[in-house]
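In the two complexes that follow, chain A is the common piece, with chain B as its partner first and chain C second.
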Partner chain A sequence: MKALGRWLTEHGMTVGSPIALLLAWEWASATGLLRAVFFPRPSTILAHLRDLALDGTLWGHTATTLARIGWSFTLAAVLGVAIGLAMGLWRRLREGLDPVFAVIYPIPSVLFLPLVSFIVPAGEVALVVTSAVTSFFLIAFTTTHGVRQIDRLVVEAAVHYGARGWRLFATVLLPGALPFIFTGLRLGLGFSLIVVVAVEIVSASRGLGALLWLSWQILKVEDMYATFFVIALLGALLSYGLAALRDRLLPWVPDVGDR
Partner chain B sequence: MSVVVPAAMLVLWELCSRLAIISPRYFPPPTTVGWVLADRVAAGDLGAELVVTLTRLVFAFALAAVPAIPLGLLMGIARPVRHVVEPYLAFIFPVPKITLLPFLLIILGLGEPAFVLTGASSAFFQIVISTLAGVQTMDPRLLDVGRNYGAHGLRLFGKVILPAALPAIFTGLRLGLGLALVTLVAVEFIAAKSGLGHLVYRHWQMLSTPEMYAAFALIGAVGLVLTRGLRALQARVLTWQDDSGG
Partner chain C sequence: MPTRDPKVLVSEVSVTFESHGRSVVALDRISLQAQVGEFLCIVGPSGSGKSTLLRVLAGLVRQSAGEVRIQADHPGTPLTAMVFQEHALLPWRTVRDNVTFGLENRGVGRAERDARAREMLAMVGLARFAQHYPHQLSGGMKQRVGIARALANDPEVLLMDEPLAALDAQTRTIMQEELLRIWATLGKTVVYVTHSLEEALLLGDRVVLLTARPGRVSEIYPIDLGRPRGLEVRASPAYGVLLEKIWARLREEVVRAIADDRGADPEEIGA
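Up next is the complex of A and B:
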């Protein structure tokens, strides 16, 4: 009881403010202060969320989106870490690819959809590849930086003690770069969600982004809010869940992105 | 190397496209794209679309930065404000901001305010979070020293807290501008009928690929100039500080 009281004084505002806002919203929409067409009552949205969940619509779309995130993140992670490591190790490769990456990176990944759909079959594959673009660059950049920031003294000491080639890489360079690789992967996963949803809005007929866009087009405003809520939940889970997982599994690995 | 590799890639693309090893319909040779780019710029219509996108960007950025910096600072100084606002930041920050577009479209109607605000929202949250981090991560000794020397209230804020948070604020502005551009171009691609993003979409639909790549190149150039330019500016203006949170 005492612990609860202490917790409440510490977090009371943080918990109270969303509750107060939701209540105020509920009241304002019910009395017509807010136009319920645009801002349906939270209780109505919740009811729609329940309906969408019960008839299975929501699960299907969520599963589709999650599968796409999984595929595109895997693609981005494998290529990003590999190329990032290579760029960190070989100066010439880095100098060569840097300007190419610098021009491509700021282009929003949704825009790659046309380009990608010329190369791979349109539809699911194009969607996954397009969604991987931004995460790939992010992961490659952080990995490169992770290799480059390793203290030269450490590397030289290791070389002195006879570590070369694979041994040097596996015992010195890779562990040294690991915190950065993890940060890159965490940021990359967050971006996978963002881009998958964006691409779904543009081109898909399934997935949470598509559900949101279709709900807009037929003006099912409550479903829009419900879908948005699920997307936000997914985003919170991906970004905070992963950070918590890292703290738990790898407590000694600092998150360089939190600086 | 940094000239050779990109040049070699362009030459290779040119050759493959000319020799029809890759389909010139989908991958027109870079020289063709270059000519189209020069042609459209000379005709003025590409420049006009660029101006549309940049105008939206300026409005979005201003709409984000003006409320975001004071809010971030206030959250950093006043604990109650931080506790009240934090849950919303935490809830909205990881959400793709493009999902706000349909909401703004139903509330504001299909038009510039909805497009610009969607772009602004992605910059807003980034700037708030960077500014807050700037205040929170400042060396507490600086505060103690300031207080010991008699700085309180506004003086402490203006002489100690703000300068200490400035690099992080600048980083937030730089990242925010980049995010606003990305979101705006995506919004143009999806919903607008003008701007560089829409240009890519239109030429994709019409399969006029040289024009599509030309718009593509222009977007990449704008992004490059913004990110590199601001980073250089930051290094010049805030010479005494490391880039934090970049």
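Up next is the complex of A and C:
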């Protein structure tokens, strides 16, 4: 209890600001300052969220979206880390791929959907691949940088103490890059979620993005907000989950535990 | 004194770097030797190639000309092990795993590695910190790990590249005493690079003075201040005389190095 009290004093702003925002919204919608048709009261939205959860609608869509995020993130992570490491290790590869990546990376990934549909089966596979594009670039960039920023003196010392080839990679270059790889994974996971939901809005009949868009079109605004809330919560949970995983796996990183 | 082969023999070693299309001579025909069990200190102004010389001995830099010979008395152990200036520990390895890193790379078994790590960490006074990560240690403790890592390999020659330069003055003094104690215990041949003449006089059997770039051997001074030596040696008249004598020569080189950096005439710096 005491620990909770201390935690609350320390993180008062973190907890307080969203609550204050919700209270202000509640008040504004109740008094008619905000039009309740477009901005229903948070308490009403919460009731709708409960209904969606109880009748099972929400779980099905959430499971679909989660599976898509899982596939696209895995695809992006495996390819991004592998290619990022290779680019970090070999200058020629880096010099060859950098300009290509620089051109493709800034294109909003949803725009790849038609293109991807020509190459892989349209539908589920195209959705997953499209959602992996931006995520892949982020992970590859940070991984490359992660390899390149390793202290040269540390590498020199490792070589001096007999680490060569595979051992140099496994004991020095990979662990040295890992903090950056994790940053890339966290960013990439966020982008997988963003693009999965965006593609669901454009082209899917299931998933949270589809549910959100449908709710909007038939003007079930409360359901739209409820879905909104679920997507936001999902994003936060995934991001913090990955951060927690990082803290567990990389106890040697100085800033772990300082947040 | 019976004549025996020197432990370290450096003859006519030159190192030339390519830098921005120009070739820079870092070391110019360096010749020196270290006897078995000797503590040899190398001093010189910045840019005199002290660290480069050490890297040649470590096999990390290849000389452009000349020869380096290190007498191998114990087959199976590495010729050299280096203590780096900024400790250069692997941040993702615990203290123990840093100390055993060289052994691991050479395929030494786990039990022997652990025993060796315990022994070395006890010697540098870090037995209780085996499971810590480098970032949890102070600067002085990190450098103790660096020393334990080098010694764990039982090298023929211990190379030290300004190992105490990054530490605060008090920690440095403590570490100097520690080094003397460890060296007396193990009797290793040490080649020790420092920019501090005081440190060289406290630690060394002989001091090699290098000139400003290009690094040449200017003078080699025997330090006859007796052993075992402690901090109290700094109060002895002989120490003061030696310090004055070598500093007069070192000062010329330092001024020359500063003038060289600024592209100025040594007269202007106050030589």
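Here is the rule we go by: the second predicted complex is superposed on the first by the 215 of 259 C-alpha atoms of A that agree within 3 Å, B and C clash if a C-alpha of one lies under 4 Å from a C-alpha of the other, contacts with A are read in each partner's own complex, and residues count from 1 in each chain.
Here is the rule we use: contacts are C-beta pairs under 8 Å (C-beta built on N, C-alpha and C of every residue); 3 or more make two chains touch, one makes a residue touch a chain.
Values in this document were obtained by computation on a predicted structure and should not be read as measured data.
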Once the shared chain is lined up, is A:V100 touching chain B (first), chain C (second), both, or neither of them?
first
Per the contact definition in the header, classify A:L34: touching chain B only (first), chain C only (second), both, or neither.
neither
Applying the document's definition of touch, where does A:A157 land relative to chain B and chain C: first, second, both, or neither?
second
Quick check on the superposed pair: does A:L212 touch chain B, chain C, both, or neither? Answer first, second, both or neither.
first
Between chain C and chain B, which one touches more residues of chain A when both complexes sit on the common chain A?
B
Of the two partner chains, chain B (first) and chain C (second), which one does A:L242 touch, if any: first, second, both, or neither?
neither
Applying the document's definition of touch, where does A:V172 land relative to chain B and chain C: first, second, both, or neither?
second
Applying the touch criterion given at the start, work out whether A:V125 contacts chain B, chain C, both or neither, answering first, second, both or neither.
neither
Looking at A:L111 after the superposition, I want to know if it touches chain B, chain C, both of them or none. Which is it: first, second, both, neither?
first
Shared chain A footprint, chain B vs chain C, residue numbers none
For chain B, which residues are in contact with chain A within the complex?
1-6, 9, 23, 26-27, 80, 83-88, 90-96, 98-99, 101-103, 105-107, 137, 178, 181-183, 185-186, 189-190, 197, 200-201, 204, 212, 216, 219-224, 226-228, 244-245
Under the touch definition given earlier, write down the residues of chain C that touch chain A in their complex.
58-60, 78, 81-82, 84-86, 88-93, 101-102, 105-106, 133-135, 149, 153
Chain A to chain B touching residues, read off their complex:
11-15, 17-18, 37-38, 92, 95-100, 102-108, 110-111, 113-115, 118, 190, 193-195, 197-198, 201-202, 209, 212-213, 215-216, 219, 221, 224, 228, 231-232, 235-236, 238-240, 259
In the complex formed with chain C, which residues of chain A make contact?
151, 153-154, 156-164, 167, 171-172, 175-176, 178, 250-254
